[in-house]
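Consider the two complexes below, in which subunit A is the common component and subunit B and subunit C are the respective partners.
Let's look at the complex of A and B:
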């Protein structure tokens, strides 16, 4: 029995590794395609990539700082997807979480240990409420959570803009809040480093949700609701409740991303600073195939790409937009219905067929 | 000697590692009725789909009416040569009239520019007369009974000038009376010179209607027989590969048992949602150690009945009584604690979450069972052990708890459902809806004998099925459901098959009260 179990575990591990291999192949393919673009643009791709990754790793702290946000904003998409919901409101939730943390961080007077916790909880609450609006509207009126999510992003963004420009403006020069108090700050990993201990909070969330999804009743019911609502309801799963809860979790996680950046990075809310992190989160989740542990890999990759692109812009004269294009290519390769996987399988099948008997064509359906 | 109409020689097709047809040959003479007999998954439909041009064969020759077919051809080519197929699930547009459905796609036969409804109707009328099919062209197809829809499909083929008519499992949706009508029609078409191929897994139909029969098993063809020179025993032996013993319920023993029903369904009503038939006053008793078979044409309230007993559809009126309890608000948890196990009709949609593993699917049904979870955290060790035991007991293959249900066979999927539903603690009754639909003979036998074993252990069983043979062989009592009501309830032996059919079709009815 014990042997059997370990064999099972091995088989599962093999599948997970294979998944990772597909992701890596997609990334390499994307770099190749990106290289072709670079050639067309008139720069040497090898040199450009070299600069990109070298410079990125010089500012490793910047990568980790960005990765912290991506970990949480990626999870914020990956968890609701498991229950069949798409959290498109990440942009708004991140910004709202950031604003909440900035407001609580500057207005409350609390001891150092408790202050960040209070700010974080406040942000989670606001984010969860925001995303629940979309989920509830879907449940009650059948409106698409994608559409309401996008629309809510605008609502939130303009409200925050107003708040940072008028009532909570902390600087005469720009639309930003006052800096948060020292007690509310999450310490940096090292003196002068960009990254903070928020990274470990984010990593902890990944581990926590990997556990929840795979080893708890709640995770099981959430997944079952996502895969097959009917069969799940036949087993007594409250499918509607599950979808609202998963969205609330997603919103809370997204808000955490904003709060962590405020408390461990920027120390204040600056209007329009928190843009695109939500959408990048979708890419992170998608590349990781919504696996909470995979998010760790893809968040790191994407932040390296982004940080490197900034360096590329300065050093090699290739636009930042190139990194965005490269990201697009990678995602296209990853999602175009398992393109790499099918190519991989076909190669393997051909090899098998050759070994067996000369050229038997397998019917493709 | 009539000419050969269809000739398929050594046709092979593979889907991945599965060889669906392995050097299968079929020869059909002009004007004969040929049955293609085999279990589910024997490759009958695949063979016909190749003939019709839907699948491309890997090797083998096909000759249709003297035309050697190229390796790749489309259904349009087959249709041009006079081959047409009546699918198992009809491809009709419900909101169109009979005439519109028939001419759809071939309007140019009537007029090139504008569709003229009058001309279409006239054309359909003349076709009906020619082939002796009673249809009124102006009726809306959605309002027709299944048997008539099938006739529309057949007429659609005739309108396209078919010479070879392929019928895929044509009797599964019909009442016994409709089956008779269909067979009369098919014989008259045969007299008009039309060649007919019937795909089926029902032996008696083969013997009733066809001239010859080609038997397939596991993707190979076994034998071609003259129907007049064979019998059901021989056919089933060839089809299954071994003698099949029919599990028959010994009826009529121990009448006293029926006095104390475990569950009494009293005047059950549900709200109507969309097209689906709701319950309009179901009265039914379930007895320990008895099988109550519910017969009826699909879509007469069976789905709602199962959902009420599952707890996913709320009762709008009526109650479920058991012991001294009386349930008005039926939730899934409530029904579970009452001890009702559910085998839903569609195991892929209602029974299982296909993308989850066998283990997770079973665990899903054991909410807050302290054996497997503590504070919501799953105890993998005890869960794996329990599921390992179930896998052994129910012989689920592959014997791995982490096999994803989507990738195991239908029979094994059903075993997962059985294992989960029948191993509940405190099980008192089992509701099995179409428990063997789409299964192969081995899995059918397993499912039936499992249910009968439960019966002998004193479990109350409600068997809902549209297969009359299944109802007849399995049940102690038969209830007939029509329009959300039980229209007849008797001991199984007191019903003749014809009588059941009449009740099912609505020609006969008696209101049954509890």
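Let's look at the complex of A and C:
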């Protein structure tokens, strides 16, 4: 019995290892394609990547600050995917969460300990509501949550632009709100550092969801709704409820990402500042194979890449958007399983053919 | 006069949507959820602009955009059809790739993070009632009938539809599922190429960063509203075009903040999705077909 269990575990471990190799191959492949692209543009790819990763680590605080956002926006995609939903509205949820936190942070007068919590809860509520719209529309009308998510992103973006330009404008020069009060701020890790204690909140969320997904009944039901909806519903899992809940969790986490950046980083809502974080979350989640603990690693990687891209822009004149192009390639490679499978199959067939060849020969003689 | 300018700008805003929607429609009929149309348009808008910038011949730019669209969609097809990728996520990945690549190239070619240099536009026609329209309008009208004819009268169209409804059945009578999906996606790429070129060299006369502004997804929604019918697609895309035209005029007429009007097409699409379910979706849409495994 013990042997059987360990064999099973070994098989699973081997499979996970292969998966990890595949993720690494995808990332390397994307970097190679990106390198060719850089070569066409006329810059030396090795030098460019060197600049990217060297300069990134000079500003380690910036990496951690960005990583805080990515941890949460990555989870915001990873959790709904487990139940078969795709949270495309992260963009809007992050911005809405940020705006909510900025508004609550500047308008309310609360003691220091409670204020950030209230801001955070308000943001989570707004984000969860936004993502639930997509989830409910998918369940009731069958409309793709990707399309509704994108439409919601635009609606939210324009509403927030309006809010930051007219009713809640806090500065005559730029479309931004007033700075939040001292009581609502999350303290920085060190004097002058970019990162705040929000990083630990985000890491805590990763650990919490790793526990929930793997060790609780709720997590199991959520995952079973994603594996096979019909089978899960026969087992008594309320599949629809699970889908909506997972999307609500995703929306709440995304909004938290925005709120943490407002309370621990920027201290105000600035129009068009919170862009692309939601899309980056998709890359973070898929690179981690939607594993909450894996998100910690990939969030760090992507944030290094992004901070490096800023340095590359400054030094070599290659636009920051280079990183987004890389992300696109990585995501597309990661969800196309047959690419590597077919290569493995070919190798296996060759090996089998080699092994069989002498046997066939002896049989024929 | 008022109405004629409104119709004129409706056509101008609706034509790229129409072409893109036709592309989405053809690929959807083959069972492919084409979320990459956004990137398709963006890429082709850029290539059209770039080639026009090099040659000063917008028609060559248009041709280049069409070829670029074909290559783009076939490349996406390799991921989706051959390597069995998730349609939605691969499409989104390609969108990101194109958002990134075009912005990087924009900076590399024109040293700008916003707009390209002004370009020669496609030949424009001065029409009675309809105002100034680029020749893409003619192509779009032709494309509507071509797509209708393809899907309803041609063997190729029937096979494309069979592959989208029941790939296993199609396969069992000798229809090459992979090939017909590639063909459908290729047609979508060509139409998306026309749509993208119309945006950059047809109307604006320059390329702007992320100039498609999710028109690919609006086109996808328009196909859902139209119940996957090429003739109804004309209506739904023109309705979205009219909405956009109205929004632009209203900004100058009424004293409403621009943002609340700008979101109109997206908001209406969202609200319309409340009422219209995606019921007429081809049965095998988004499903990965592996022979002997259905």
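The rule we apply is simple: the second predicted complex is superposed on the first by the 320 of 365 C-alpha atoms of A that agree within 3 Å, B and C clash if a C-alpha of one lies under 4 Å from a C-alpha of the other, contacts with A are read in each partner's own complex, and residues count from 1 in each chain.
Basically, a residue touches a chain if its C-beta (ideal position, glycine included) is under 8 Å from a C-beta of that chain, and two chains touch if they have at least 3 such contacts.
Source: prediction; values computed, not measured.
Of the two partner chains placed around the shared chain by superposition, subunit B is the only one that A:233 touches, whereas subunit C remains out of contact. Between subunit B and subunit C, more residues of subunit A are touched by C.
By the document's definition of touching, of the two partners only subunit C reaches A:142; subunit B does not.
Look at A:173: by the touch rule set out above, it reaches neither subunit B nor subunit C.
Legend: residue contacts after superposition of the two complexes on their common chain; A:216 is shown touching subunit B, with no touch to subunit C. When the two complexes are laid over each other on chain A, subunit A has no residue in contact with both subunit B and subunit C. In the complex of the two chains, the subunit A residues touching subunit C come out as 37, 41-42, 86, 88, 137, 140-144, 146-148, 150-152, 154-155, 157-159, 161-162, 165-166, 279, 282-283, 286, 317-319, 321-333, 335-339, 342. The touching residues of subunit B, counted against subunit A in their complex, run 13-16, 55-56, 58, 310-312, 331-333, 336, 342, 344, 349-356, 360, 363-365, 367-368, 373, 376-378, 380, 384-385, 388, 400-402. Contact residues of subunit C toward subunit A in the complex are 33, 35, 79-80, 82-86, 88-90, 92-101, 103-108, 111, 113, 214, 217, 220-221, 224, 257, 259-260, 262-263, 266-267, 269-270, 273-279, 281.
On subunit A, the positions that touch subunit B within their shared complex are 1, 5, 8, 11-12, 215-218, 220-221, 223-224, 227-228, 230-237, 360-363, 365.
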